[in-house]
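Look at the two complexes coming up: chain A is in both, with chain B in one and chain C in the other.
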Partner chain A sequence: MEALFEKIKTSEEKDKLMEEIDILLNSLFQNKGEAFSILLKTGVRAWLSEYIRAELAKDEANPFEYLKKIKEELNSFKALKLTLAFEPTESNIEKFSYAVKKYLGEKVVIEFSYNPTLIAGCTLTYEGKYRDFSMKSFFNSEFAKIKQDLFIQMAH
Partner chain B sequence: MKDFDYYLNKIGEIGFVDEIVHSIAYVSGIPSARPSEVVIFEGGEVGTILSLSPESAEVLLLSRQVTKVGNKVARTGDLFQVAIGSGLLGRVVDPLAKPIDSAIPVKDVHLEPIDTQPHGIIGREPVKKPLETGVTLVDLVVPLGKGQRELIIGDRKTGKTEFLLQTIYSQATKGTICIYALIGQKQVDIKKRQEFLEDKKIMDKCIIVASSSSDPSGLIYLTPYTSMTIAEHFRDQGLDVLLILDDMTTHARYYREISLLARRFPGRDSYPGDIFYIHARLIERAGNYKRGSITCLPAAESVLGDLSGYVQTNLMAMTDGHVFFDIELYNQGKRPAVNPELSVTRVGHQAQTPLQRDLSRELMSFLVNYQRMQQFMHFGAEAGETVKSVLRLGAKVDEFFSQRQDEVIAINVNILILAGLWGGIWKEIEGIELKREMEQIVLTYQTDPAYKAQVDQLISSSPSFTELVQFLRQNDEIIVSKIRR
Partner chain C sequence: MSIDDPTMVYVLSLVIVAFTLLTIALVVLYIRLLLRYQNAKEIAEKSTGVEDLEETQKKAKAMIEEARVKAGEVITQAELFTANQKNVLLEEINKATHTYADKYQAALKFAEDEAVRMISSIPHQVKSEVMVRIEKFTSGVDTELLNAQKSIQAAVKETYQKAEVEVENYKLERLKQVDESIMKMVEEVSRRVLAKEITADEHEKLVLKALEKAKEENVLVRQEKPAEK
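Moving on, here comes the complex of A and B:
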């Protein structure tokens, strides 16, 4: 399953994969199981279809148990919320994901959001912890230090 | 309190609102949250953590503005505190100790937590000093002491609130700090209380802590705790404080609502299992101390005179007695409608002088006898002279006890009048004429300092009620000279 999880970098990808696994799981009980092979061809992405076929062919694994295991693993994934001042490119996403998986583990996905008021930098939220590395907070704290003197100067 | 961004950066933890059920929000995240910790929402709303589970924290919302699902939440790192101090005197505040009577901010305040442990035995003293309510029937038959917790119980519209206001008036004029907690009341009633205190010119000695019925349940729930914290502040300065909680049955109902929304298992009458603890830990903070005292008068509403209700019996168990306002006496036109046979004071008598104790005993014994005679007469039997004299005197005592709801009468003049009644000064006078003459004595006592001093001297020098009555039989000019017939 590691090969499958390596492809999941963001929370949107995780949700998409979860949706596809749910479609396949439900299809196991439709038309006496015949819907499964049909939906494996028509209902999910090509790479996923190829991967699942290969895995099920190994050791004649039970499809229901296997898909259920994938779903449980996906549910155990944690999300790191990353708010940026710009919309990231594919290459940015790759780099961020690599760093996150390296330091926090394989089962962490990134939930990107965009807030231009941050100016630069980012804010991070992970397992209830919050860190603000944006230029906005830096400017606010620097301004707070000098605003008293600034107002006095402006008054004169 | 600072803003959301300040706490977010200071504590470094964030949560998100997952679900809102009326006044309770379920928040995920904030891993180091503690029970009773204050949290702040990104819109500026405030809440306090009720309980924690592995998935989420249950937050009781305290702000009037409604928060939304998905909103961010930050911990403040503090338990719930309110700003209290002498600057609150003369003000009407909400349970967060923010003024609601005007936009003028409160000065000379500092923060104190509202949920504290009651004092242990060390530091407490027995109830020794009397607390005059200014209501004749209560002061003579069901006397109260400073530091006592006395439950005021009765049906709705039986005069409980009027009695409480009379007590405030009587005590505020003597310098006691009075705190009136209005729990989940109508806005118009809150305004009426404020106007009463302002009209009597005692607002500078009083604080009103009010939550209206339109406020969030969490805010209503906090009202008596905030009031008690303010009372403790003044007690710690060595002052005597009178704290009125009007009313605790409403408080119990709102706590029941919060508990049921929080999916706590319902107990008797759907109240949560800790309803006794919620009230007991509050009422136990009142009492008489080496420095200062807090006299607590919680009010409770009964239904059709039933004193065996769940919350009512709980409150009776945790107080030092109760004053029962009987709906039947009220319907008979008696004011105040206090039932002396069903009212109890466990520690009030130890605060009385020997004369007052003697009088109480004699009066109570007479009232029991009088009631028995009245029941006897229901059967239409012929009354002998003894019975007739008891009934005549009883009717005069009823007249003596009847009192207007805006009137307070000092205990010494009550003792004088009752002694005069016992001594036969008003043997031939009855009804309205009797009442008028009694009122003349009271008025003279209130307006003539020399007469007041004379009466006070007489009362303080009399060792017993019997001796006082004997003295007045022989020297009735102290009363008769003030009556215009």
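Moving on, here comes the complex of A and C:
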């Protein structure tokens, strides 16, 4: 499953995968299991279909147990909320996800949000901890200092 | 003309009744006049009372005159009387009128003298009392005026000082607002310029650097996998 989880970088991707796993799990109880084969072809993305087929064939695992395990694993994923001053490209997401997984392990997804007032940098929240590494924060503190100095000069 | 004449008796009765009524009216008038004297005593500061007496006297005379004229009219209108009878009657009426008028004048004179005597004693007492009260009132008013002047001066001074402080505070507040507005403008412009100047590559690097810093600050801490049984 490691290979599967490597592909999951954002919370949207995790949600999408969960949705597909649910479709496959439900199909196991339709038309005496025939629906599963059909939906594996038509109901999920190609790479996922290919991956599940290969995994099931390799270990001769029970599809229900296997899919249930994937779902359980996905539910244990943690989310890192990352607010950016720009809308990230695929390349940006790859790099950020790589760094996050390096620091926190595979079972973490990034929940991106966009706030242009940050100027640059980001704010992040993880496990209840919040940090503001944005340019806005830096800019505000620096500007406050400048403003204070200026007011002092004006007062004299 | 005999006194036994029924017509004459009838006319004389009428005349007597008229004079009786007139007398009652005069008595009532006299009582009212006395009551007015009493009232005049109470309001002696405003009036001496003599004017009222004179006025009453005039009114009484007018009433007598009016009664006399009316009696004459009644007699004149009586068709049964002959001119001679009328003259005799008028003469008698005039005599009676004069008699009653004299009596009335004497009573009136007496009442007037009495009232004047009563009223004339009032002004001296009242005057001294009023003067004392006026003096007290004047000094009281002066004191009150002085106090009011002082309190008004203090209130005006206080209000002025408050207004000065408020104006000063307002000026400072407005200056502060202007300064802050200028600062906000400068800040906004700087921010926009800065945001435009940062390239995509720099954005990426700043985020990666932030993640690294979060790791250093132990915000991003790897959760250890619980040992499997």
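Keep in mind that, in the parts below, the second predicted complex is superposed on the first by the 146 of 156 C-alpha atoms of A that agree within 3 Å, B and C clash if a C-alpha of one lies under 4 Å from a C-alpha of the other, contacts with A are read in each partner's own complex, and residues count from 1 in each chain.
Convention: contacts are C-beta pairs under 8 Å (C-beta built on N, C-alpha and C of every residue); 3 or more make two chains touch, one makes a residue touch a chain.
These numbers come from a predicted model, not from an experiment.
Room for both chain B and chain C is found when the two structures are superposed via chain A, with no clash between them.
Of the two partner chains placed by the overlay, only chain C lies in contact with A:Tyr103; chain B stays clear of it. When both complexes are overlaid on chain A, the residue A:Ala120 reaches chain C alone and has no touch with chain B. Touched residues of chain A were counted for both chain B and chain C, and C has more of them.
Rounded in steps of 10, the angle chain B-chain A-chain C defined by Cα centres in the superposition reads 30°.
Once chain A of one complex is fitted onto chain A of the other, the partner contacts of A:Met135 are limited to chain C, with no touch recorded for chain B. Here chain B and chain C sit at a least CA-CA distance of 9 Å once the structures share a frame through chain A. The residues of chain A shared by its contacts with chain B and with chain C are 127, 129, 131. Against chain A, the residues of chain B that register as touching in their complex are 8-9, 12-15, 28-32, 74. Of all residues in chain A, only 125, 127-132, 137 touch chain B in the complex they form. Taken in their complex, chain C has these residues touching chain A: 179, 183, 187, 190-191, 194-195, 198, 200, 202-204, 206-215, 217, 219-223. Residue ranges of chain A in contact with chain C, taken from their complex: 78, 80, 82, 84-86, 89, 92, 95-96, 99-100, 103-105, 116, 119-122, 124, 126-127, 129, 131, 133, 135-136, 139, 143, 147, 150-151, 154.
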